Structures are given as C-alpha cells and as structure tokens.
Amino acid sequence: MEIFDIFLLEAVVNGILLGGLLALLSLGLNLIFGVIDVVWICYAELIMIGMYAVFVLHTQYGWPLLPAMAAGVGVVAALGAALHQFVIRPVLTAEPINQLLVTGGMLFLLQAAATLAFGIDFRNLGVRMTPIVVGEMSISAPRVIAFAAALAGVAATWLLLTRTYVGIAIRAISQDRAIMPLMGVNPNRVFVVTSALGGALAGLGACLLVLQYDIHPAIGLTFGPIVFLICVLGGLGNMLGGLVASFIFAQFISVGGFFLHIEWGYVIAFAFFIAVMFWRPQGILGAK
Amino acid sequence: MLAVSNLSAGYGSFQALFGVSLEVRAGEAVAVIGPNGAGKTTLLRAISKLIDASGGEITMEGTRLNELPAHEVIGRGIAHVPENRRLFSRLTVEENLRMGAFSSRKKFVERLRFVYGLFPRLEERRDQLAGTLSGGEQQMCAIARALMSGPKLLLLDEPSAGLAPVVVQSIFALVKRICAEGYTVLIVEQSVQQVLKVVDRAYLLETGRIRSSGAAAALAASGEIQRSYLGL
Amino acid sequence: MKPLAWAGVALVAAVPFTGIGNYPLHLVIMCLLWAYVYTSWSIMGRLGMVSLGHGAFLGIGAYAVVMLWNHFGLSPWIGAPVAVLMSLALAVLIGLPCFRFRIVGHYFALVTLALSEVTRLVIVALRDYTGGSLGATPNTALAQGNPWSLAAVQFSDKWVWFYVILGFWLGGLWIWARLDRSMTRLALEAISQEEDAAASVGINVTRSKLFVTLISAAMTSVGGVLYAQYQLYINPETVSGIGISLQMVFGAIAGGMFVMLGPTVGAVITLLLQEGLRLALGDAFKQFPALDLAIYGLMLVLFIIYMPKGILGAALEWRARRHATPAVAPR
C-alpha cells in the first residue's frame, strides 16, 4: 500500500507541474482570444516552430542553452506579430469562421514548412538532467523548471497588463475596440503587440517543452487540442479560468494515466471537458 | 478653430449628413441641437474621424482633417466624449484616465491633478471599477478622460442622455465650468433648454441639414426649435 | 435536372470505358469519394454549423466495419448500419446539448475538434483491437480466382468500386439538393443570422440543427465505410483526428461550400494539387515531403482572405454580376 500511495502522490505532483506548463500555454491563447477575438488554430504549430528554433540554435549553431531559448521566444513572438498583420488582419471583419479557417491553413503550412526543413525524424535537444528526489518520489528536473518558469511567465504577463500603458491599452481594447482611436491608440498596433505577446508566451512554452519532449513537425497535433480545450473549459478568453482549468485537466491526465494507459488519461480528460460543456457551456469561469 | 464646410457623411449606403457647415471659434461654447435621428452623433463622429466623410471638408486650426487616420485626431487637440459615455467598465477610474492620457503620457501626473481638482468625486473613487459608478459619475469620468489629453476642443455627445434630471443639472454646471476654464466646446444635445443656457451659439440640425443657427438666447426665443422638434 | 447535368453525369459514368489505366481510375475514384465526404460536411457547414470534428464520424465508419468484420465476422452489410447508428448516437450526444445551450461559433468548432480527437485517441487506446497507430486491414474474403465478394463488400475490380462510389456521390448531391429546397434550409439560414428571432417565429432551433447534423454525420460515416472497404487499409491519422477534419473543411471551402458542386470542385483541386506536384517534381517529390501540404495550407489561407466563397462560388457570383440588370438597386 505504501508504494502504491507514493506513486499516486508522484502522479499528483506531476499533474501539478504539468498544470503549470499547460497554464502558460493556455495563457497565450486566452490573451489572443480575449483581446482580439480570434482563435489561433495553429497556436500549437507556433510552439513547434519555437521548439525547432531552440533546437537548431543549440545543437547546430552551438549556442548556449539560455540564449538559444531567448532567441526562440523572440522568433515565436515575431511569428505571432506577423501572423496577425498578414493573415488575421485581412479577415478581422469577416465571419469568425473565416478566422478559424485561415489559421487552420497556417497549421498545414507551418507543419509542412517544418517537414520540409527538418524532415520527419524525431529530434531531441539532448539535455539531460538528473531527477530531483523528494523522499521516495522522483520528479523530473525539467518539469520543475518548467513549472517555475511558467509561473514566472504568468506573473510577468500580469504585471505587464496591469502596470504598463501597453498593458492597459490591451485590456482596454478588449472591452471597447471602437473608441480606442479616441484615446489616440491605433487598434492595429495594439493587436500586433498583443499577438507578439501571445507568441512570446507560446515561445516560452516551447522552450519548456523542448527540455522534456522530442520534436516532430506534427507534435502540435498532440498538445494543441488539449490547450484549446483547457481554454474553452475555463471560459474562452478568461485568463484566470484557463489557469484553473489547466490544473484540473492536468490532474485528470496525470492521475487517469496513472491508473490506466496514458491515452485513457487523455480520453477521460476530454470526456470531462465534454461533460462540463453540457453543464456550463460558457466554461467554468466564463461569462454568460 | 474648427471649421466644417459642406460635410456629407453616413453609414454605408445610408447618408446621414447632407452638406453641413458650421464653425467653432476659439474659446466658444457651441451647441448642435436637433430631434432624434438628426445626425448629431454622426456629425461628431465625422469630426473625430470615427467615420469617414463622403464629401466636404473639416479643418482644425487650418489643418485639413479629412485624410487623417482616426487615432491621430487627438493629436490635433480634439477630444471626443462619445455617446453613452463608453467607459472601459472593467478598468478602474484612474486606469480610464490613464487611457485618456495615452497620447501624452509625460503630462499624466499634472493633468491628473488638474482633473481631480475639477472632479473630487472621481479622486475618491479612483480605484473603483468604472462600470460600478453611477450614471452621473460615469459621465464625469468620461469627460475627465477626454480632458486628460489636454485638448483644445472638446466634443461632447449628448452628455445628459440617460441621466436623472438632478444629475443633468450638475453635468451642465460642469460644462459651464469647463468653458470658464478656457476650453472650446462643441456640444451635441437633444434636450434643448439646459444646453442653451450654457453655450454661446447653437446650430439646429434636422434630418442631416442645418436648419438655422444663431446666438443661444435668440434661438431659444424664436419658435424655430419647437417647430423642428414637433415636425412642423 | 437540366439536360446539361445529365450529360455531365453520363460523361463521368463512362470514364471506366475510356480505357484509362488502373492508377488514373483509382484517382478518379478517390476524387469522387472525397467529393462525397466533403459534400457531407458542407451540408452542415453551409448552414452555419462549422464542425472541425467530422473526422470522428469518418473514423467510426471506417473502424466499425473493419473491426466487426475482423473480430466478429460480421459483414459490412451489418457493420455499416451499426457504424451509422454509432455516429448518429454521437451526433445526438454532442449536438443536443450544444444546440440547446446555443453553443455556436468558436466554441462549437472547438467542441467538435475535441470530438474528433477523442475518437482518434480511443481508436489508438484500443490498440489491442484496432492495431493502434499501425492501422488495420479488413481480412480478405477474396479467395483464389474470386474477384468479388458481395457479402464482404470487397471487389478487386476497380470499375465496380467506381460505380458504387459514383452512386454515393450522386446520392450525396441529391440529398444536398433536397435539403437546399426544404424548409429546414430556410429555417437554418434564419437561425444562422438571428437565432433569437428565429426561435420567436416558432422555428424549433434545436430540432432543425440536429436534423441537419444527423444527416451530415450519417453520410460522413458511410464515407468512412466506403473508404475502408475500398482502400483496404485504415489508420487513426488518416480517417480521424483534426488533420482529416481540417482537410474536409478545406476541401469544401476551396470549392465553395454554398454551391452544390463546390465540395466536388474542392476534391478535384486537392487531387490535382497532389498529383500535379507528383508529376511536376517526379522523383524530387519524395525529397520534398509535405510540399502538397504546404501549398494546401497556403491556398487555404489565400482562399479565405481573397475568395471566401471558394472557386466555384466566386465564379458563379462573377457570372451573376455580369448578367445583373442595371435596374436592380444596389444593396
């Protein structure tokens, strides 16, 4: 019984650590949706590109890990800004479904570009860290780092949104887009900055993921849907809701996967999502 | 200061203004009055470039505004307090004021002091969410937000709309004070009596055209307004 | 139907007799099959219910028949109805709450996305039965010298499949046309514009939406059955999940989902894209994997930005404008 409990506890702890990472990932998506009112279907693919960026800089160009990661964040931030300016902006006033589809096209494009550039072999950053041992539990070090970095990212975003002019403008535009010009604010500029910020958060997520997982052009399809569901679960656009939903979801995945095969953990989490959709379709913290 | 000549504007295929001409001289308080649907809000939105003019010209201190993008209008010294106040309801009072000063952030502190001097009630409520303020306080906040940009010309869109009569009185007293501080004001209003007591001149706008204009007192005395509002 | 349409159908039906090779015939068959599947999707899509989860129905259709045949010896004649019933059940399970609670737009799209992913995950998780990511093949019923098995719905002569799938393609178009002329379509257009107003006029919003959803789900899962029986190989990524779901959406949109033959045009475009690249690049095509996917994606982006009504839709619109009488007041 003792050993059983320890492994269960380990699963719970891993779930919490995973929750932190998912929280960071969901933050970017919620930010974009909450402010600009578009869903980037290709969000996970942006993260994938970020992972490749870190990989290339670190293993092929020999950059030390931290500068490579910083560059990775920058790359995805720039990608996010470009995505908005060239792809989203033309369809901003069209039907919402067009915005979904245009980012769906980008999903294909980014996946294909990565395949063309890097092939379909799995790559790995090759960073090995000794696991952290707490009592009888063994926790992977990258997971802990990811959790800490994710929290830092969330905190930094919160500070940006509440203490800077840009942040206040971002919050303002999500409440009343039409009168922003009266404040002397060019709405498009704010959207581009928001997109860059969302991209930067995705980029940070990429840095944390690349420490733990292999890279492949199609990995976006593995965690992408999870991030979407977490955002919808917490209330699309609601950053706090996304955080809460992340931890709940992560527990389902981790503990469910502990008792059954890992895929079933995901299935249970997804089923939970669908169940919540029936009970509270606007999401746990969503506004009616 | 502001000169509007032969302005035409509308929404898509629906034209709301037909060749409107008016002017506002520095230091003046001018009202545009008229019944519902006259195009008063459209007029202000055309001036602040929220909508584009389809004909005519708008100049501010000699500079043509027609080609200016909307977010540069505030840089020319025109601040627009929109219809229904349009505060950022989930931002605090002070954050709303900060947005007002977005285009001139360096002057934020001194402007804030000035604005809180004019509106002490707002200072009391500075950390309160704007959406939780009363109607009158919201209007104060909206006007204060516009003043944060240090404008030369203040556009007020129906400041009395949706407010209780007692509150309306205090709002117009405020407008009078703002005029006394030296601001040039163009105010658009549906309720006639109160506004004519506050402004120097007025224009009567009816279904997109200027029906008549003149000194406030004279216009009030003539029967023009009653006829216009009653559709005679 | 107009005589031109009949001539067109006759022309298509004559294809196997033109002596084109086996591979080109295969391409035409796949083209018709995907045209049918895209049309099935577009029945929902054109009425404002954009689903990113039709991979679920396709996958259920494909896997249900193969699993029932391989593990229980049940003929696809039984397996197909079972697959359709499962898809209908799933459609009701998801659709009823969604429509009752007015889950629309982004939310609806993402919920359906969840659906297709759950289906894919379940298929993979049941790897002991389904073979997981490696895929599955229906056990062959074609003994030596026996080219057809009606009971197992397996035919080694491609031209048989051609006519089967041609029939379904035409059937799909017929259903599209019937729905187009029905009250349901009007109801749904009203709903997609102003749901509350539609409800106040007495339109049963939930029932109308559910009706169309069930038809679309059933049709799509039949498409999955056909795919499995024809290709004789299925795997979770190609018949379920977000990839194939998006592909369906793109196919319908590229051709124009508001027009009956739009999805078919979309299937043709997709096909031309793949084969065209293969021809143009020859051996180099192998060196540039996913080039068709890249152009796919690029086209989707460009289409949505510049031609949201799709190629056929835009062409028809252009033609209509040229023939418009000047007396008609502009909107």
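When the chains are written out, they are named A, B and C in that same order, and each has its own residue count from 1.
Note that a contact is a pair of C-beta atoms (placed from the backbone, for glycine too) under 8 Å apart; a residue touches a chain by one contact, two chains touch by 3 or more.
Keep in mind the model is a prediction, meaning the values are calculated, not measured.
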item: Most centrally placed chain - per-chain CA mean versus overall CA mean; value: A
item: Chains most often in contact, by C-beta pairs; value: A-C
item: Label of the chain whose CA centroid is most distant from the centroid of subunit C; value: B
item: Distance from subunit B to subunit A - Cα centre to Cα centre, in angstrom; value: 44
item: Centre distance in Å when subunit B and subunit C are each reduced to the mean of their C-alpha atoms; value: 56
item: Cα-centroid distance, subunit A relative to subunit C, in whole angstrom; value: 31
item: Residue ranges of subunit C in contact with subunit A within the complex; value: 50, 52, 94, 97-98, 101-103, 105-107, 109-111, 113-115, 117-118, 121-122, 124-125, 241-243, 246, 249-250, 253, 288-291, 293-294, 296-305, 308
item: Residues on subunit B engaged by subunit A in the complex (per definition of touch); value: 48-50, 69-75, 79-80, 82, 86, 88-91, 95, 98-100, 102-103, 105, 146, 149
item: Touch list for subunit A against partner subunit C, complex; value: 33, 39, 41, 87, 90-91, 94-98, 100-102, 104-113, 115-116, 119-120, 217, 221, 224-225, 228-229, 231-232, 236, 261, 263-264, 266-267, 270-271, 273-274, 277-278, 281-282
item: Residues of subunit A defined as touching subunit B within the complex; value: 165, 168-169, 171-172, 175-176, 178-187
